[in-house]
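You will see chain A twice below: alongside chain B first, and alongside chain C after that.
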Partner chain A sequence: MLAPSLFGLAAFLVLPILVVLWLSFQSWDLLSPITPVGGANYADVLSDPTFYNSLAVTLFFVVIVIPVQTALGMIAASLLTRGLPGSLFFRTIYILPWVCAPLALGIVWRWILAPSDGLLNDLIGSRIEWLADPALALPSVAAVVVWSNVGYITLFFMAGLLNIPQHILDAASIDGAGPIATFFRIKLPLLRPTTFFVLVTSIISVFQLFDQIYALTGGGPFVVTDAGTYGRTDVVASRIYSEAFATFDLGRAAVMAVVLLVLLVVLTIGQQLYFGKRTTYDLS
Partner chain B sequence: MAQRFLSFAAVIAASALALTGCAAGDAEDEKTTVSFRLWDSTVASAYEESFAAFEKENPDIDVKVNIVGWGDYWTKLRTDVAGKTMDDLFWVNNSYFGAYADSGNLVNIDSALGKDAREGWQDSVVDQFTRDDTLWGVPQLYDAGVAVYYNKDLIEAAGVTPEALADLSWSPDPAADTYLPVAKSLTRDSAGVPATDPAFNGTAAQYGTNIAYDTQAITLPFIGSNGGVYQIGDSFAFSDPKTVEAFQYLVSAINTAKVAPSAADTNTNSDFSRDAFLQGKMAMFQSGLYNLKNVADGAQFDWGVAPMPKGPAGRVTVTNGVVVAGNAASDKQDAIAEVLTWLGSEEGNSYLGKTGAAVPAVESAQADYFDYWEGKGVSVDPFFDVVEGAPPIPAPTGANYGKGFEAFDPIFQEIFKGTLDPKVGLKQAEDAANAAISG
Partner chain C sequence: MTSPKRILSTLGVYVILLAAAILTLGPFLLSVMTGLKSPAQFASEDSLALPRPFSLENFTTLLTGPGQFGSAILVTLAMTSVIVIFQLGFSVLAAYAFARIDFAGRRVLFWVYLAGLMVPNIVLVIPLYLMMVELGLRNTFWGLVLPFMFGSPYAIFLLREYFRGIPQDLVDAARIDGAGHWRTLVSIIVPLSKPILATLSLITIVSQWNSFLWPLVITTGPDWRVITVATATLQSQYNGNWTLVMAATTLALVPLVVLFLAFQKQVVRSITISGFK
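Coming up: the complex of A and B.
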């Protein structure tokens, strides 16, 4: 009875990966016939400074976005599981950005962050080029990404927190643990499986960040040097898109996709090893 | 995506019908549906009327119009050609058709319609789309030249007459430049102080002009009217000293004189200036006939059209045409030839002019266009006089133009923002773009 789901897995997951692997050894502009070029695409991409720029930009996003959204998600979850009035309302509000299409949200945020007549600049009463200033573009986009992801992460931490048996918390409080000690000594360790899941999925999703970049900056602003033009928000996925669908160099795009895949696999195995060594408490 | 899913669903539904023997009558089967793709929704409604007339005469052919927005047009075209899901007929422009002609994806018009077919078509458009002595599309519309739409209320408030506007000239030499001083007097901050006044706070709430990174309406005409070049053959020649001068003038008008919206506003939003003009927040809006209907429908104020400013080398515009190309991979070549013949005929092409949407490229159909705008009290002469006055600067072209564009586009964005010196940046842009088209 596995056959039907295996078919889906093969057709929509394994097959495309194999095709991309094969394409990474070909030259193709979508018009001319596909011609094999051996490892030329790899040599080309791996010596291209703009690709390393994209890797660095992606890493910056991970470093900014992951800690902030995980911490905010955890704080929001702690507040929402306390049974305070209005919790249900805020639960719904937090999840809304995650329910909406990222591209549409990106366009709305572009209006909000627009230099002239943008909502944010009108509110603060000064003209700041949030998306065009080389120093501000990356943090601005990162803030939008965090904003869209926090609700989703909160949801998982809430589930994790509600799963912690009340008797453990009661025991801690009888032993004299205050709320801070309870959080760091009891709740955080018990949340480890949730944290692992949240980190793995959100790191992967930030590595694949594309929609918001496409809608907000298109990879810019740009730093122009004699060696190449570097986009300050030109993450790997956005570079892959440009190579494939703006300059129509499918071979180079495929190489970048393969490199991204390898990176993500290595990263995920690393996380697995790290969390695997830590104790996981069985709460059943 | 939804469209593809629908067509997929339609195929499934159709085959289910066939299998169960419930296929519709023979007459229905013989009807051929030909699909037609373009990027302009204003012109699309004119085409709908044209095809309604065509279908009356040709009941066996059904033409379906699909609009794909400009932002995605060239990406979708390429992927749909590769995926064999391309429409049977589609618009192409001068900058992008080369790659498709060279790879054999376009119907050869000379053999499909005969060499004589080109007789009645606008010569400049026929020439633009002839590659290796072969014509690759049926001319549809002709862009004529660039001119300046102006807001009468705003220029009057600044004491500028339409006659004075018609007489402006720009020059890299400030002593000979009458354009920038007028643009400054038309620029106001939020307190209404003009940019000519030392009390001007530096942030325009009303813009004098729409100088920006806009290749067709601004960059090329300014380069041309300074005697500069954009391309030599297919390769890019941005480092030409006259081209550099033109860029320096434009960049300083935006960032120093502040008579135009900032590049941060216009680089990633090509409609910014048009919207500002329509909202009554911009005095001079240099553009083409492609915005005439937008302006006529959208402007809630008195407006007029003046010639573009004269440069050191005179008034030099760019002129462009659009053709409809046939998909060589389609299996409906007979129907495609019939629709192409219709679109290249006086009657078929005339709907574009009758609705005022665009200048028909079939010359005998152009009178309808002039009649339409004359009836509205609008003189379109400035758009045509400029083309006749001096030879236009050639429109961007080349089999690999798209690749070159991707290389220089980010650099041009930074030049216009003022973060990159025009002279240095243009050399880098030229090198990067030429490397991209040769690679």
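Coming up: the complex of A and C.
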């Protein structure tokens, strides 16, 4: 019974990881035969500012975008759990972007943000290069990513907030806690498992971020300096894709994939060690 | 007790919720609206102007013309169906083994599956591409579906949890009546698991209909182009022809919006129980 999925696991997960490790020591441009090059790809990638740029862009999403979307999701969830009529209707609307193709939505946003006949510039009567201006591209892309993710995050915080027993909130209110004190002193600590879950899935999803970037900027705008070329929105996944299928250097792409995998393993272990020790409150 | 202050704050909440809803729905409505406009109207009028008259011109161009969206929709449907059927079938088998059969290394193996959830697609795409090239499956239907047919760690995980919740008494009763594992699975477990199977089918349909990176990498040219790749290709070829491009995004978005609205309870539940992506 296990055989088919065991085959799948071996052939399409374990084997690819071994293949990517092997490929990281080869040179391959899709056309000529694959040839071993030892550690040359590693030396090349690890001294390449383009790669560090893509790590920095990814880090931007982790440290700026994730906190913003988590906070917005928390706010939306508190507004939606006040027992107001229509809350479920709003929830349904907010999740919609999460269910739909990020690629297609990215292209819709590409039009909205287009410089000459885009909707946003039409509305505000200007010709701002939202996606091509090196200073604006990353915030614009980040805004679209936040737009797609907030509803999904809201859903988890709603579930978390609705799990908090009413008697605890009643007790707080009898003790004279206002809404803000209740939020920071009662709800936020009790939401810690939800917050942890949301942060972990968000971080993993940042490393998966590709479709929207492809649709909006393709990793650009690219700024050329003496040290190298920097894509302002060139997240790791988009860099790996470009190395493999735009410049056809699959050895380098494999190295980047290996580095990403190692980073994620370290991150996961670190998270477990750090959060494993933190207090969570058992309400049962 | 409704004080004016309370009414005011409720009103404030609704204003925020409504503004957020408009912001969320805006791009969807704009895509449909712009897709239904003639290029002439788009060029001459305001972006927010309603289509006048409704023009299906962009959609007929897409379905009959250069974008080959008819073919892309069929390929996407075929890919989604094959993956849903095989992935769920094989996941059910594996989940049953994990939930109901004792075998050496069960725990370790299950953790290997779970670890698989953490590996990003982009890491696997490069080696999978090489493997498919070696197998001669580049730009074929099998290249598109093969890596996803043999079950997903995610489905196995959810199904295992569900199967474990099924009372042992039922399974024992079937055993006493002489049913083997297969019989137990087919006549006891699967019929009792319809809700989770429906939920998983929905999730798989959603993620396959939307999938982009793997189809982009493994197919070239129009033969096996799926709808997301067709949309991206159209956008790069007809850059600036926004009415046509918005018709394409509409074709990619609308089926899932409809599916979501029809099954939103199941989708919402499945997201919360599992953190689906």
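The definition used in the following text is that the second predicted complex is superposed on the first by the 272 of 284 C-alpha atoms of A that agree within 3 Å, B and C clash if a C-alpha of one lies under 4 Å from a C-alpha of the other, contacts with A are read in each partner's own complex, and residues count from 1 in each chain.
Note that contacts are C-beta pairs under 8 Å (C-beta built on N, C-alpha and C of every residue); 3 or more make two chains touch, one makes a residue touch a chain.
Small disclaimer: the values here were computed from a predicted structure and weren't measured.
Enquirer: Quick one: classify A:L9 as touching chain B (first), chain C (second), both or neither.
Expert: In the superposition, A:L9 contacts chain C only.
Enquirer: Regarding the shared-chain residue A:A114, is it in contact with chain B (first), chain C (second), both, or neither?
Expert: A:A114 contacts both chain B and chain C.
Enquirer: Return first, second, both or neither, reflecting whether A:F245 touches chain B, chain C, both chains, or no partner chain.
Expert: A:F245: touches chain B and chain C.
Enquirer: See if chain A has more residues touched by chain B or by chain C, and give me that chain.
Expert: Of chain B and chain C, the partner in contact with more residues of chain A is C.
Enquirer: Considering only the touch criterion stated at the top, classify A:L105 as touching first (chain B), second (chain C), both, or neither.
Expert: second
Enquirer: Identify the overlap between the chain B-contacting and the chain C-contacting residues of chain A.
Expert: Common interface on chain A, chain B vs chain C: 110, 114, 245.
Enquirer: Across the complex, what residues on chain B touch chain A?
Expert: 75, 78-79, 81-82, 99-100, 103, 105, 203, 261-265, 267-269, 272, 402-403, 406-407, 410-411, 413-414, 417, 419-420, 425, 428, 432, 436
Enquirer: Using the touch definition up top, name the residues of chain C that touch chain A in the complex.
Expert: 10, 13-14, 16-17, 20-21, 23-25, 27-28, 30-31, 34, 42-43, 46-48, 90-91, 93-94, 96-98, 101, 109, 112-113, 116, 118-131, 146-151, 153, 156, 181, 185, 206, 209-210, 212-213, 216-217, 227-228, 231-232, 235, 240, 242, 245-246, 248-249, 252-253, 256-257, 260-261, 264, 267-268, 271-272, 275, 277
Enquirer: Write out the stretch or stretches of chain A touching chain C in their complex.
Expert: Residue positions touching the partner: 1-2, 4-9, 11-13, 15-20, 23, 28, 76, 79-80, 82, 84, 86, 90-105, 107-112, 114, 117-119, 122-123, 147, 151-152, 155-156, 159, 197, 201, 204-205, 207-208, 210-211, 214-215, 236-237, 240-241, 244-245, 250, 253-254, 257-258, 260-261, 264-265, 268.
Enquirer: What does chain A use to touch chain B in their complex?
Expert: So the residues of chain A touching chain B come out as 30-32, 110, 114-116, 127, 129, 131-134, 217-224, 226, 228-229, 231, 242, 245-248.
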